[in-house]
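Dropping the structure in here first, questions after.
Chain naming follows the written order as A, B, C and D, and within any one chain the residues start at number 1.
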Amino acid sequence: MLLQALREEVLEANLELVRHGLVLYTFGNVSGIARKDQRIAIKPSGVPYESMKPEHIVITDLNGAVMDGDFRPSSDLPTHVELYSHFASIGGVAHTHSEFATAWAQARRPIPCFGTTHADYFHGPVPTTEELTAEEIGKEYERNTGVAICRAIDSAQAERVPAILVSGHAPFCWGPTASMAAHNAVILEYVARMAYHTLALSPQASAISTHLHDKHFLRKHGPSAYYGQTSTK
Amino acid sequence: MLLQALREEVLEANLELVRHGLVLYTFGNVSGIARKDQRIAIKPSGVPYESMKPEHIVITDLNGAVMDGDFRPSSDLPTHVELYSHFASIGGVAHTHSEFATAWAQARRPIPCFGTTHADYFHGPVPTTEELTAEEIGKEYERNTGVAICRAIDSAQAERVPAILVSGHAPFCWGPTASMAAHNAVILEYVARMAYHTLALSPQASAISTHLHDKHFLRKHGPSAYYGQTSTK
Amino acid sequence: MLLQALREEVLEANLELVRHGLVLYTFGNVSGIARKDQRIAIKPSGVPYESMKPEHIVITDLNGAVMDGDFRPSSDLPTHVELYSHFASIGGVAHTHSEFATAWAQARRPIPCFGTTHADYFHGPVPTTEELTAEEIGKEYERNTGVAICRAIDSAQAERVPAILVSGHAPFCWGPTASMAAHNAVILEYVARMAYHTLALSPQASAISTHLHDKHFLRKHGPSAYYGQTSTK
Amino acid sequence: MLLQALREEVLEANLELVRHGLVLYTFGNVSGIARKDQRIAIKPSGVPYESMKPEHIVITDLNGAVMDGDFRPSSDLPTHVELYSHFASIGGVAHTHSEFATAWAQARRPIPCFGTTHADYFHGPVPTTEELTAEEIGKEYERNTGVAICRAIDSAQAERVPAILVSGHAPFCWGPTASMAAHNAVILEYVARMAYHTLALSPQASAISTHLHDKHFLRKHGPSAYYGQTSTK
């Protein structure tokens, strides 16, 4: 089977969404990319998670043309393709309609950084996209969703904040691997939930200081990280 | 056993409500119709879900008179009968008191379409009924609940938006089969939950554009659908 | 073992609170009364639910003096005793600190009847008590909690609405049996949760009409009931 | 293995956070202290809870220098060290980013005592810290988090209210043992959740009376306690 390890990682990343209650029925999709092989592996469209196996994962080229697999890829594939094309450092993309992150996307509000949980993963507020125009919706809608994301943020921003809220739709997250993209989707939902409660308690709540924000992000990311067992420090 | 397959599908559709946490104790009921056989199959009244078997499902004629089964049908049967009579294309009806959809029904507010999750399933806001009059409550209350639903929407609307909120009561959903009716009840609860959070974040939130709404509904429904594995495209 | 059947029912009713997520650690307590035997059976104080057995249930007389059992009774026993003494028709009492019912008690707001779920079980709003005075708190606090409840409602009201919110504390519920008392506590939490959401959606929400309220309560209670399989109609 | 019993208790206390849904992935940490042995036992940094074993627990001296164990201690260790140093009576510390307690910390609002559930465990509102200065964040950040806690409350207060909200971060809790620290973290989350709902229902809600507050705290704590089976009364 072509790209067996990538298929397995992508399957596992999709199931991570299920384990954390981020998806209902066949909602959501995670993909991974093998840049050397010029291949993307993505969840099939509309297949139940319970019966999903590595061979159901669809393999496409970097334009999203199916190269291997008997199933249709997720209908959001063109969005993933666009993200891989613009953000050279990412290795996985995760899309969910998770409850609170989607509520922020529907309210078209960026998620401010109200605390260190957010700062540990996202180096700045989680932004929203502009709305698509009627023309962008009418033709190549899914690709244009990716275009709107890449209009809102550049590669450097994509590395600092691996998530965005597509206005009136839902979040897209990414990371160095499919597994990390799914992980970031789980964290985003948790952060979105706590930020929602924070605003309810204090409608004028302000973001934490840049000092605290930097401290928390940098103790987990980059050359000075000292969290966990695997850092190189 | 009469209509064995329909009984099993109706039982399974009722259990779908349990699996998704939409019902407490004996709350909720799903029915299915075999129009050729002129029979309706519905959950019995007040029987625990854990011990429910196909033979407990009650078979009635199209007026709701019991034709087969040792149990009383759900007391909401006359509402189902009314819906089947007015909406010729539906094959199943699901009624729950699910937490957030019921809160919208109690608040007597239609659920606006704040995002694509809603648009994927409901082609417009989820409407509410007018309140019943004292006379309608006093006599044939359950049938009149159905009458109020059919006053609020016509068949074409029922196809575009397979759900309604009965004011001061709770939602009714439907679909081409009992199974799809239950599925729509699960989706409605999720959409109701996210719309609730959206309003909390942004009390003036507006519905998504008609373009985006149409796009999402039509990529899953009708002749141009391209979501999932089973479309005819 | 004295009153084995009552012990078992009381144990089972206490476990019903656990199954429905109404209690944390050793929170909550349910009792039942055998009026002929002049005995009350109640949960022991501070014993984990997981290891609770019928022999741990404490048997007291109608004044709350322990008659059988090696454990101390729940410290709320004097409240239960007071309720049994004033409300001659009740056979069980359930006390929880369940999340939403307790929030209403802490906000010192009665729960209005916003929908038929409420009307099916409670024939009117769920009331709150007055606050206890410093004297009432200082001496026989738990008995005085019962006194405050019986000051707020009379026996007729206790039959129509088998629940009350003790201000700044939490709900007490009751019913013809320990099992029904626990059942009512589960329903109260669900009703409290939906009423909370209703107010968030519509701060000026009004109660349902008396007609609808009566209809729902009376289709499940009293001589004209027609819900479920066991009514005498 | 050094301090086997303490390791096992600390492991178990960490798992208590998991059982009650207070932690996501590797979030959270609990420690315990053996004052006679001058040793602290704490969760390792970034190790999954599912595979955590007593030998993964890290043993340090009272300054936080690792004495035994192949893993790095939790990066929050210096906060724990600071608390043990200032509060001579505590035997365990628990830190989580639990959903509602963290929302209060992010909103920088103390949790008022709205009811007896709170009063049973915390003898006064749960306070917040001042924000750290840029200097305190820049150098010895984790130790300075402990310093900020010890600036906000003294030992006597720490005994009466075994929890604090670090502003823009999350709660720290403690108790006579690691197990009780984790227990208090679970209770804090529940109290935070109910206080949140109380404010939503009644934005001007006031704290319960001192009489009621004292009564509940003292029936569970101190020489006159009469709750549970194990009090000395």
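Observations, loosely collected:
Basically, contacts are C-beta pairs under 8 Å (C-beta built on N, C-alpha and C of every residue); 3 or more make two chains touch, one makes a residue touch a chain.
The model shown is predicted, which means the values in this text are computed figures rather than measured ones.
Where chain C touches chain D, the two copies mostly use different residue numbers: shared numbers make up under half of all numbers in play. If you average the CA atoms of chain C and of chain D, the two centres end up 33 Å from each other. Each chain gets one centre point, the mean of its Cα atoms, and the points for chain A and chain C are 46 Å apart. Contact of a single residue of chain C with at least two other chains is seen at positions 200.
Taken as a graph of touching chains, this assembly forms a single closed ring in which every chain touches exactly two others. Here chain B touches chain A in the complex through residues 114-117, 183, 186-187, 190, 193-195, 197-198, 200-202, 205, 208-209, 211-212, 215, 219, 226-230, going by the rule given at the top.
Residue ranges on chain C touching chain D, taken from their complex, read 24-27, 44-47, 71-72, 75, 97, 99-100, 102-109, 131-132, 134, 137-138, 141, 168-170, 196, 199-200.
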